[in-house]
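Each chain carries a letter (A, B, C and D) given by its place in the written order, and its residues are counted from 1.
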Amino acid sequence: MTSPTEKPVKKVVLAYSGGLDTSIILKWLQTEYNAEVVTFTADLGQGEELEPARKKAELLGIKPENIYIEDLREEFVRDFVFPMFRANTVYEGQYLLGTSIARPLIAKKQIEIARKVGADAVCHGATGKGNDQVRFELGYYGLEPDIRVIAPWREWDFASRESLLAFAEQHQIPIAKDKRGDAPFSVDANLLHSSSEGKVLEDPAVEAPEFVYQRTIAPEAAPDKAEVFTIDFEKGDPVAINGEALSPAALLTKLNQLGHDNGVGRLDLVENRFVGMKSRGVYETPGGTILLAAHRGIESITLDRGAMHLKDELMPKYASLVYNGFWFSPEREMLQAAIDYSQAKVTGRVTVKLYKGNVTVIGRESPYSLYDQDLVTFEEGKVAYDHRDAAGFIKLNALRLRVAAKRDLRG
Amino acid sequence: MTSPTEKPVKKVVLAYSGGLDTSIILKWLQTEYNAEVVTFTADLGQGEELEPARKKAELLGIKPENIYIEDLREEFVRDFVFPMFRANTVYEGQYLLGTSIARPLIAKKQIEIARKVGADAVCHGATGKGNDQVRFELGYYGLEPDIRVIAPWREWDFASRESLLAFAEQHQIPIAKDKRGDAPFSVDANLLHSSSEGKVLEDPAVEAPEFVYQRTIAPEAAPDKAEVFTIDFEKGDPVAINGEALSPAALLTKLNQLGHDNGVGRLDLVENRFVGMKSRGVYETPGGTILLAAHRGIESITLDRGAMHLKDELMPKYASLVYNGFWFSPEREMLQAAIDYSQAKVTGRVTVKLYKGNVTVIGRESPYSLYDQDLVTFEEGKVAYDHRDAAGFIKLNALRLRVAAKRDLRG
Amino acid sequence: MTSPTEKPVKKVVLAYSGGLDTSIILKWLQTEYNAEVVTFTADLGQGEELEPARKKAELLGIKPENIYIEDLREEFVRDFVFPMFRANTVYEGQYLLGTSIARPLIAKKQIEIARKVGADAVCHGATGKGNDQVRFELGYYGLEPDIRVIAPWREWDFASRESLLAFAEQHQIPIAKDKRGDAPFSVDANLLHSSSEGKVLEDPAVEAPEFVYQRTIAPEAAPDKAEVFTIDFEKGDPVAINGEALSPAALLTKLNQLGHDNGVGRLDLVENRFVGMKSRGVYETPGGTILLAAHRGIESITLDRGAMHLKDELMPKYASLVYNGFWFSPEREMLQAAIDYSQAKVTGRVTVKLYKGNVTVIGRESPYSLYDQDLVTFEEGKVAYDHRDAAGFIKLNALRLRVAAKRDLRG
Amino acid sequence: MTSPTEKPVKKVVLAYSGGLDTSIILKWLQTEYNAEVVTFTADLGQGEELEPARKKAELLGIKPENIYIEDLREEFVRDFVFPMFRANTVYEGQYLLGTSIARPLIAKKQIEIARKVGADAVCHGATGKGNDQVRFELGYYGLEPDIRVIAPWREWDFASRESLLAFAEQHQIPIAKDKRGDAPFSVDANLLHSSSEGKVLEDPAVEAPEFVYQRTIAPEAAPDKAEVFTIDFEKGDPVAINGEALSPAALLTKLNQLGHDNGVGRLDLVENRFVGMKSRGVYETPGGTILLAAHRGIESITLDRGAMHLKDELMPKYASLVYNGFWFSPEREMLQAAIDYSQAKVTGRVTVKLYKGNVTVIGRESPYSLYDQDLVTFEEGKVAYDHRDAAGFIKLNALRLRVAAKRDLRG
């Protein structure tokens, strides 16, 4: 199985969910690579208990000291989600990158553990057609350039779901009843979002069935009364809801609940994968959808025009970098440096209204507001805005157009 | 009033709405400039009758041959609105540019009339603090570089609303009762949108009152049942609703009705004006909001990734150019050339669902679809996608990161 | 040799130079693939006779009707080089892309021939570490998506130069004496440029030896007297030298001679390859270096500022696309549409001075000049430039900075 | 003279060169504004003695405590020139921004002095048609938003050079003989460059006469022997020449001398001014021209591709911001943050060769080099570059093009 030019793998850190697929991978690493497996299971807010993963790893023969379980929710939100939201990041105009942003953190932790335990390889369970394999592996290589990467879905010979299950049975891996048949779609989830794709979603002409949604109720099912609350920002990051200070993960959890209850954050999208094909996904990002609107709201009064327009111009590139897995790249970090610089005064309070799927910013205020009522009012104010300045402003902005028009009119 | 270095104005084409303000301007041009006034009144879908404007112009002494009234709705939508929507244009992440996009067309028509009637000047009723003065005047100058531009709000000496009204009374300009007092906010409208700003909207911390909305009912007031329909696109432009072919203006009118009825298209925004200050506006763009979502929907299956990402990167600049009044500029036209080039295969059908303020694309299909179910499926298909290609793809994308990581790890 | 999942190759169109390497490939295709080989040899101005390639192909058993030889010089310059120069294209600030721009044309011709002769495969002689393999293959796939691509350097098992030569001897391929040993560097050449890389150039700290230069004499060896001449442009393309109209290829040939004689166009560069590593190359682009300077010269008086700045902002992306092999991509074509749009009035005459490696534009004139001596003169002119307009222009440009400064000063 | 709405000016800080024009301004401020004048004279390396300016100010009645003279050369190069060169900044493809970069520093110092002496106004001697007025005033307003700005050339009534001279004579301002007549062109100079424009340069079709050049000898007059030396960089800034550590100003002075002696750094350009017209200038930037080449040289081996390409894409905007006077703007600072971030490892040594106007980088080396000879060599190395990875890399890069080609081929 291992390439003749590659050395045998001794110890491998596996991103392990405790589910059937990564359990099969675990066993496959043991049997095919004859490698010592170290499991890493992270709580990124996917909404599953972690202790069963420990149990299962033990059952599959992993030594207790080789089982790593970590609650990464605060780090995830603070160091990955919030920096990305400072940029108002959306991929292809719409996608809030909930899956993309989680991968670099998992990769980083795997590398940290590999260094600690002296592992020579890391392994993930992403398939060969998706973006996640790229995101994991660019993370691994960008942090530990000589690490050996094992991507079972690209390597092994299982030709079908059946042969996978046969392997599982052969190795006494427990198979939950509902995993026997094909899942009607596949899911990824963390504190920022839940994504669904495949199978019942594969025809983009057909509406996504209601049962794929997991993080939000339908707008139709949401209350008839709007929910209004405030979010406080400091230097571009949200810090409190209705005046109550919350840690990053607690705040996002709270926003998720608010979004969930009001049918906020559903997206049905055909997107372009980095590996070259289009795919259709259904995303639910209840808290993130609120956060994007609220962040734009607080920026609207605290951010200078030049800064805002530059951010808007840089954002699509930033979004592509995150989507494509280049979180740990010099250019993403350069863009982040520019974006973070802009957020020094993005501080204040936004009032948000949720109603059956709608997120509306209905108020914004800030001690650092650049909105100047005296300037904008129709009344002549005490402020030194002289209407005649506009004449000169227009004349010089028009000058090049006039010269060109003269040229063009004369033939 | 006229500058000593400037020649007297003989004939001036005024953008005339028939309302009180432009009637005062009309009279002021006659009395202060002693100029022959030619009125131009356009139907851009603002929702007002035009014949009263003719009556009023006649009443104010305008010769019948100097009264120009034109229905520009089809030209407006076909040559201005639709080209802009091909770019998925939003200013500062949110504003659909409903006011901005109408100004160049009015300017163009004024210049055409000025040439026809031999006028030496044009005049508009935009104030000295806003963007519209810039948009009108860049349009004038860009098309007719030596035209004389009169901007009464920057020139005259009326210090208050009272003195304006006194001038109106003095010249027998009829004043509707409700114009006696101050309007609680000011409005601009056309077939694409309605905007409201000023007075009751000036504090961005305070929610916009329901009475400012004119084009949409509130989501809360919309039906409890979703409205589902299809939009057909050809080369990037919408051409039919539910299979019924419609002219550009008829189609947008229909979308406006659909949006209105379902509470779609409201936006409460603090934006950055080109003249330098922030202002708060409430926009209603019911049909445009649907169109943007639907256009992104049809692009999602028909547009190549490279083209889409390039469009997304160019869009903020395009939006700023339109917002700032540079419609008739070489750089806007260059960007349009690129955008239009991309739309050759943006043809197909999108299914849209409206529900209480939400616009959701629930289906897309096209004879030119680039979505390939065989490629994306989890099943190994007949298609030549080899999972092992991904390994090489990742390896070479990672190469520079690995080299840099080695460098950085060694010190 | 062929992958078990791939069908046998019947007929393959080989990009054939007549040199040793592509002759080995030819024979290898016959022996390993058992395929009928069609050779394609193009004159792109590389400065070699083509008839020897025909002879050699015949000698290696290629049927006369399977030997394609074409003079592509005019098409190369007209449809590839000139469009690229309209964009003032330089990769990484310096490289004029002489190799990159030739590959798509060769790929296009190979595909055309493959269609004509019913070939099911194409083959090139680029190595597995370079950019050219990417450029060839993206061209093939972008034009004929199901074509089979054979890249011998990535496929075969020759472990060394020696084993290659042994294969050549075994198959009676003539080996020129100077090819027995290792070349001190490798060369690519066409009408736009000559590039050298490898071996003696591999240490970027060491100056390139004089003997690698082939297209230019050293500045030190150039005449002591400057050469001054004019270039006429029409719509962005050069059309005449010293008033003499010349075809694209003839014009570039003439500029190459002028550049050669005056030591113009040498570049010693470390660049970033698309496949991920840095490499060092020596490029000689005598005519292109002159053309870039002259094109900027004529644009400087005929191109509007907005158009020029937009071009400058788009150029790096355009350059990367060409460098990376995405000539036949929607996004390159979109950018080209924008660039070409801008060139409508880029017509006129530039006077150029060459002196020992220097290219200086010393004069520019055009019937479409936007340079207005009356506007720019220190004397108050008849032109409507009012100094006081500048005050308003500055005031409104400063407004947002002032508001922000007030905010920041108050804390 | 002062506007009725503006308060009288009490104390004004004048950017004072000691020359005729600013002496006239000084006197005019005293007589027309009746203001106390504080003079500020800076040594930015323009190559003039400063003490005569003190003498002249005293002669014109300025109190000694109101005369500020400062040597800003180190601050100028360290905090303005070098940061700009980190971005490889060129305006419109060619101009090294020598004038633009000096203005914000002067503005900053005037504001500092104004605060110290309690002045309510600042004054500069830039004309109403140029860019410098904008650069000065955006600097003033961006740092001290309520400062009163006096721009005599836009305000006063002198209709001709003669009336200016008459005013000078009337107020006993000494007039050097050579200032009686019109200068054949105007000059601006500082440690980075010298610029010449106007009069004899106004026809862009006519070659600039040799006598306008001041900072460089002609290439023709330069030595027949090349000059070769090294420049050491640390974190993107040059720190030593031929191994000798030098302060920023000393280093640039040294490079200027080297450039001067070898005919390096001349530029004859038609550029687009921010105020809307094209102008022709002759620039001499001997040291800067060398620095740009050398900086690109050290970046070529130490900067990651993603970082370099991002820098190249951002540069045109950065250049426009500097040119247009937006040094003290949030968006320039954001870009600077990104650029500075990229320079952490831009450290090493570049070998430069100067010869009769040519600057050639002939060697680069760095402890942080990303150039990997093992990777790039034609020999199969120990490095993990697998040629077969390229196949997958190309296949997935081609995938979207193939899907689109299939679509397009089927019609």
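Everything below uses one rule, namely that a residue touches a chain if its C-beta (ideal position, glycine included) is under 8 Å from a C-beta of that chain, and two chains touch if they have at least 3 such contacts.
Just so we're clear, the structure is a prediction, and the values are computed from it rather than from any experiment.
Chemist: Indicate the lowest number of steps between chain A and chain D, counting one step per move to a touching chain.
Modeler: The fewest steps needed to get from chain A to chain D is 1.
Chemist: By the contact definition above, name the pair with the higher C-beta contact count: A-B or B-C.
Modeler: A-B
Chemist: Cα centroid separation between chain A and chain B, in whole Å?
Modeler: Whole-Å distance between the two chain centres: 32.
Chemist: Take the average of all CA coordinates in chain B, do the same for chain C, and state the distance between these two points in whole angstrom.
Modeler: So the centre of chain B lies 42 Å away from the centre of chain C.
Chemist: By residue number and range, which residues of chain A touch two or more other chains?
Modeler: 272, 275-277, 304-306, 309, 317, 326, 329-330, 370, 372, 375, 385, 388, 390-391, 393, 396-401, 403-404
Chemist: With touch defined as at the start, can you tell me which chain B residues reach chain A in the complex?
Modeler: Chain B reaches chain A through residues 88, 92-94, 127-129, 133-134, 137-138, 141-146, 151, 153-154, 159, 186, 198-199, 202-208, 219-220, 224, 226, 266, 268-272, 275-280, 296, 300-301, 305, 308-309, 312-313, 316-317, 320, 326, 328-330, 351, 353, 355-358, 360-365, 370-373, 375-378, 380, 385, 387-388, 390-391, 393-394, 397-398, 401-406, 409.
Chemist: If we count contacts the way the header does, which residues on chain A are in touch with chain D in the complex?
Modeler: 272, 275-277, 303-304, 306-307, 309-311, 317, 326, 329-331, 333-335, 337-342, 396-400, 403
Chemist: What residues on chain A touch chain C, complex-wise?
Modeler: Contact set of chain A toward chain C: 304-306, 345, 368-370, 372, 375, 385-386, 388-393, 395-397, 399-401, 403-404, 407-408.
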